[in-house]
């Protein structure tokens, strides 16, 4: 039981982490909270349903096509929801436009695939007997792919030159322009990667849950993960998200009805007593 | 002599950088104290310490006979420490009138509730007319502050500060980016401050201006006071020439 | 134009109010639409809170839905479970929520910007969970129904007397709007604006940033609670599904589309966005999709919403007018002659 909760917790944490990484990449790049991120996750799930079930493609092709589709969509998304508003005198306009996007995406999906929840066949069938309980292979698969993605993103942005140039460019756009790094490209690339990550999360978890419009709400947990981990680092976002996954899984022991409330209470407590999160830097005022 | 502001052995570090090293500093009522030094000497940091935007690591700040070292910034402002910034800090999305009224609000200090019920404050309109006569330009009060030129904004910031009747006014590079005529207006504003017995701290890079208006000058270098004297002596001080003027050759 | 508008604003407001009162019964003929309009007016009060918090104070908050829920559920509990007099229940709900928001504000407003926004999301989520699951108090998923009418003595306000209810809330909205207008013109409004635009400047002008934010938060929360309480009376029931995070987002959108910096704008924006889905019923399936797209487009082309658009159009008109005049009188266009 405890072990099974652990596995569920970790795998849910992975799902949140995939979203949280994408969110934090956008925050670091352009200081925007993408409130439509959960809907991107949902679109990932629906694309999985579309490619695998409706078109009957094999899992690998479906996976790759989902990623490609979301990368293309990332470009469109960046140029409609963020780019025209980058110099707005009220930064909140970008927030509102992502809220608008979240509504539009939810509705678009409903118009295409209807309001009812859809069942997606598992990518790897069967389950592993484990100390008297059963563990679906899908969970194991999810964790493996999640870890691969995390390692990839972490290395891309913290180790490789490309990623460092990208984060440097977005932190000081003026200097970057002087050095000949086009901001448009780095921001676009960030959006592409970010949306693809969230979509992968949706694609992976589609078989575990029914695919429906409520999948968008998963993003709230990713927000929580970011804050708990520390606003501003990929590492923090991942660790925070996994913690949120575990807290959520184990809170079943105490209560089932208030499971989500416990997660958000933890979030509020972290904000109050350690607002910089676990891995965040001290928040300092600038004069 | 009427001492209004006093810094005793003030220290401030940012990581490994010493921004203020045992600074002692005095400002008298109705006099202008010049604060000069090469770039990065810690002049603006010192103003931030005085106005409370930064906390001092140790040392004491005494204002008007009271120890204000641990008083938060907004309370120091209410006690009478007014300031302007190197790049004027205005509310970009509010009208010019609202921006200037904040100065009067600070002077009136009547609280939100009294203000809400329309308690009369000081004569804002009259005050402002006098000050606008000195600066010598007119603006449309309903426009946003960003619609007027930089020079006018810099002057309006001093006007806003004067509207609050401070006891000490910290002025950070008021002449930077201004033309000759505008600088004369700034000097007029500073003189008005003197006539109101305000102790003024002036950071300025234009030496002619500093030499002509200041009654004494403090020279900072690497967060340390290297000279504190009357203008005539400062220009002849060797350490100052070496640290400050000497860097040009 | 802008000046003329400014000069006669009170007259215009009076004309608008009178026209509204006279024409509503004929414009909104059926009972269902009237209830929708009543709810729209209720939302206006909640959105006014955002005008204070976001428009004046620059703080993005998702707490509106949560606070509105508290107001609504308290009203439900006071009237249905404790049998309190309805007016007393309304007043108590608003005041208790105000007190509660003092503590919540004091805790959450230690955080800045994005952090505060997150905390407010978490706050609304926690409350939503409590509303939905605390069966003995909030009725759980069923909510609280059979809430009595708002008894003003000479009239009972509920769904049967929806027209009168509309007038009542319209009057409240008018009063609150005027209070907001007053706040904007006094030192609290200016202090909030300074908090919004530049906290350091605010500090150096003697504004206690933390305290000012808390005051704004309390005002916003009490307005939300008032809205929640009226919502309970108007609909006769309260359910957790009205107070979700999504709904908090909708209030933000309403405020922004109307014009976050304008009391009149946010009024028009809120009413329009509540009524429109009902008027455009033929679009039914597509409405919310189009709505989402329109939100994005509006933010791009008129970030200050409807009110901002009107204002900038009038300003442009003024400038054109002025220029023409100047050309006539001096023969040349005055270019602002400063060399900096």
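By letter and in written order, the chains are A, B and C; residue numbering begins at 1 in each of them.
One rule holds in what follows: contacts are C-beta pairs under 8 Å (C-beta built on N, C-alpha and C of every residue); 3 or more make two chains touch, one makes a residue touch a chain.
Model, not experiment: these values are computed from the prediction.
Summarising the inter-chain layout, the chain whose CA centre lies farthest from the centre of subunit A is B. Contact analysis places A-C first among chain pairs (by count of C-beta pairs in contact).
If each chain is reduced to the centroid of its CA atoms, subunit A and subunit B end up 48 Å from each other.
With centres taken as mean Cα positions, subunit C sits 40 Å from subunit B.
Mean C-alpha positions place subunit A and subunit C at a centre distance of 32 Å. In subunit A, the positions touching at least two other chains are 89-90, 285, 287. Multi-chain contact residues of subunit B, defined as those touching 2 or more other chains: 53, 92-93.
Residue positions of subunit C with contacts to 2 or more other chains are 200.
Note for the complex: subunit C touches subunit A at residues 54, 58, 60, 107-108, 110-112, 114-115, 117-119, 121-123, 125-126, 129-130, 133, 199-200, 245, 249, 252-253, 256, 260, 285-286, 288-289, 291-296, 299-300, 303-304. Taken in their complex, subunit C has these residues touching subunit B: 2, 182-183, 186-191, 193-194, 196-198, 200-209, 215, 261, 336, 338-340. Interface residues of subunit B facing subunit A in the complex, by the touch rule stated above, are 48, 53-54, 92-93. Partner subunit C is touched in their complex by these residues of subunit A: 27, 33, 35, 80-81, 84-85, 88-90, 92-97, 99-108, 111, 220, 223-224, 226-227, 231, 257-258, 260-261, 264-265, 267-268, 271-272, 275, 283, 285, 287.
Per the touch definition, subunit A reaches subunit B in the complex via residues 89-90, 285, 287.
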